[in-house]
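Take a look at these structures.
Shared between the two complexes below is chain A, which has chain B as its partner in the first and chain C in the second.
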Partner chain A sequence: MESKENIAIHCENISKEFATKGKKIRVIDNLTLNIYDNEFVVLYGPGQCGKTTIINILSGLESPSTGEVYQKNEKVMGPGPQRAVVYQSISLFPWLTVMGNVEFGLRAAGIETSKRRQRAQELIDLVGLHGFENAFPNSLSGGMQQRVGIARAYCIAPSILFMDEPFGALDAQTRYMMEQEIIRINSKEKRTILFVTNNIEEAIYLADRIIVLNNCPTSIKKEYKVEWGKPRDYTDKKFLDLREEITSIVDETP
Partner chain B sequence: MEKLKLEVRHNFIVIEYALIAIVGFLGIWYLTTTFTNIGKLVPNPIQVLTFFFRSFVVPIGGNTIQEHALISLGRVLIGYSVGVALGIASGIGMARSMLFEAIFKPLFEVIRPIPTIAWIPLAILWFGIGEMPKYFIIFYGAYANVTINTYAAAKSVNPTLLGAARMLGMKEEDLLLHIVLPSSIPQIFAGMQSGLSASWMGVIAAEMVKSNNGIGWVIIMGQESANTVQILAGMLVIAIMGFLMATGMRILEGRLCSWNQKKI
Partner chain C sequence: MTSESSSEDNSFVRVRNLTKSFGSLLVLDDISFDVRKGEFLCIVGPTGCGKTTFLNCLTKLFPISSGEILIDGEPIDLRKQNISYIFQENSTMPWLTVEENIRFGLEIKKVPKSIADQKVKQMLDLVNLWNFASYYPKQLSMSMLQKVGIARAFATQPSLLLMDEPYSQLDLNLRCKLEDELIALWQQEKTTVIFITHNIEEAVYLSERILVLTNKPTKIKREITNHLSRPRKISDPAFVDLRNEVTSLIKWW
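Coming up: the complex of A and B.
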């Protein structure tokens, strides 16, 4: 499965430094990463350091201090619809309805109204928001808003989807539900996904492969393949064992 | 349902008290002017209302009172629309272009504390005594407020929203119209509201200084002929029109910014 041809996105030796108050802070240190087609990869790491920056660099929103990012042999130079992002802050356009938000990318691409409406409606139905097409984001709950965020990202049919702690702002109950939902949605509209979280259960529940990160500067500590089928059971022995193992290596980090 | 009932009940109480306050005010006004010496200086409300209604048919100077009101309103509409349009353009220009900002922001900081009416003498010297100085004053009241609010709004557009639009494939040149402008609308509207009251104050003041008609002129003529009733009737027209304009703006805001309202 892992040959060079089916690498969806690839970065080599990327580092990122920020200058604050005259001091240089290294946020990412020599990160080399391959994400393969149709893989669900979870970046798991504690703390606030570096994970969002990795997403920003891979999606093209920020450029790395050193190193380069390639998507299918093409260098990533800036943000674009081949690399969609679902944000932790949800970040819907509040002046547009649910439909307006979901069809936004297709409108920017100049797709004619009837075609893009049809596609957007499919996605709205898929994420379970049928009947809310004309609602404004402000009138929806946090979980429903993030469903719109997910539909908006899927709608442009990107080759890779970045999800930056998308359920971090939701309450625990809604979070469990959304984790199940993302498995269901991704089985209907198969995409390559890079998902960032600081929640270990979420990581094991979702991932084909978990990449455990060191904290500050961020680098790769260890990788785990999670090869048993989805949906998974949180109380399964395999689940609990893996959870304990990952937790133990993360706890060593100062 | 219970909540709705409470709300209706609450609105009812608000209207009830508003009526009691207005009727009470008129009552006290009537009683004090009729039974004390204040009546020698201030006419009673019945005299004012009689004059007000009579002026709909009997002209003050060359025009009836509703014509004066419409003349003032017409001036406001012209100066105000130009002020709003240019204000939105300048505000966005200042927020999006470093050069524009560097040049015009300090100028605005200096000019901003000068009240609209302080421009009247200059406006008359520059533009003569016709309609132009009035348009200028009204324009300025709207322009200053709308520019500053638009600038502040366009300057503080959520960068994640701009990133999201780029990520979804929007071109740089389309961000202004599709992201910056709509996300600034609520604050632009706040500027339009304060701009409208500045314009309205400006036209009354300008008409009081130099004019042949308009509500400001009605009031200043009342002063020159020591006609307190006419002054108070003019003030009544200003109050009614100010109220109508504010209500109109609120309705328009509800339409334009419905997405900005939190769910109940």
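Coming up: the complex of A and C.
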């Protein structure tokens, strides 16, 4: 599976510096990373360690200070429809209905109404929101809003999906449900996913591969392949053992 | 004296037939239980089951529809009884430093300055925020803010501490650390704690007893005594068994 042709996105020696008050702060330090087709990769690291910056650079929302990002053989120069992002803050358009939000990307791409409606309806059904097509975001619960965000991202059929702590604001139980859901949704509409979290349970539940990050400046500390079938059991012994091991190697934040 | 009456003597919080409705929506349905003095009680239940409403009734933020809540044998009175409440969100006062935030409750209670000084110092030590005593909240991380809230609550030596998901916004490593600090404080101060959470693992880690609530209209589904010895380990088979038992009572996802 891991041959050169199967690399979905690739970055080489990327670094990122920000300047504040005349001082330069290096947030990412020489990061090299391959993500393979259809792989579910989780970036796991402590709070404020620069995970979101990595997502922003790989998706083309920010440019690296040095280094380059390639999707297949094409250099990533800015955001594009091949790369969709799901955010923690959900960021739905409050003036659009569920349908309006989900079909937004296709509408922007100029796809005709009947075609895009059909595709959007498929995704709305897939995320379990059938019957809520005409609801506005403010009438939905946090978990339902994030389902809309996920449907919107899948709708444009990107080849890679970035998810930046999408369940971080949900309560523990709703989170378990959404983790289960993302596994189900992704088995129906298979995509390459790069998922960021600071929750180790979530990382082990979802990942084919976990990349553990060092604290700022961010670099790769260690990688773990998790080759067990899904869905997984949070209280399984091997699950808890791996959780303990990864927890013990992560940098403590002050 | 029978064992029953001695346990009655020990009860510090007594809730009898607590009922709360909002208009026609019945949220809490005839809930009765006791909390012993010095006990660490966790309350868990499915999402949206009215856990926070329950705490808000207990602190009189909401009037109750019927029933009775007694603390130390008397109807709840916030001026008389020393109750602290720690919320999920940051509730530090942005115009006060860390030290002033911790001192805040002591000043309201008109504690003499020399005693307050000593108490503030002790709290800064306990939550390990000495280096940040003169910082303002906006300069601190979420976990530090939560520590300030906890230090402020413990500073007044409350006889009852209510905690509503105080750690749910934190990442797991920090949560575990703060949980250990909380247990140490509780053991030292012998405070009675009612701790509300969605997180079953957290309830099993912290509690001496767990109340499992049902969906709305909320009743008590099960009361589970937690005999696990401390320090607890999440991978211990007995821990896993108890966690799975509580999960099976709640699971809706």
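Definition applied: the second predicted complex is superposed on the first by the 250 of 254 C-alpha atoms of A that agree within 3 Å, B and C clash if a C-alpha of one lies under 4 Å from a C-alpha of the other, contacts with A are read in each partner's own complex, and residues count from 1 in each chain.
We adopt the following convention: a residue touches a chain if its C-beta (ideal position, glycine included) is under 8 Å from a C-beta of that chain, and two chains touch if they have at least 3 such contacts.
Note that the structure is predicted; figures quoted are calculated from it, not measured.
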item	value
Touching partner for A:V85 - first (chain B), second (chain C), both, neither	first
Touching partner for A:S139 - first (chain B), second (chain C), both, neither	first
Chain B versus chain C as contact partner of A:W228, first or second or both or neither	neither
Which of chain B and chain C A:F18 touches, first, second, both or neither	neither
Chain B versus chain C as contact partner of A:F93, first or second or both or neither	first
Touched partner set for A:P46, first chain B, second chain C, both or neither	second
Touching partner for A:R152 - first (chain B), second (chain C), both, neither	first
Contact set on chain C toward chain A in their complex	46-47, 141-143, 165, 168, 171-174, 197-200, 234-235, 240, 243-244, 250, 252-253
For the chain A and chain C complex, residues of the former touching the latter	46-48, 171-174, 176-177, 180, 198-201, 235, 237, 240-241, 243-244, 247, 250, 252-254
Chain A-facing residues of chain B, complex	158, 160-161, 163-171, 174, 179, 182-183, 185, 258-263
Interface residues, chain A side, partner chain B - complex	59, 61, 78-81, 83-85, 87, 89, 91, 93-96, 104-105, 108-109, 136-139, 152, 156
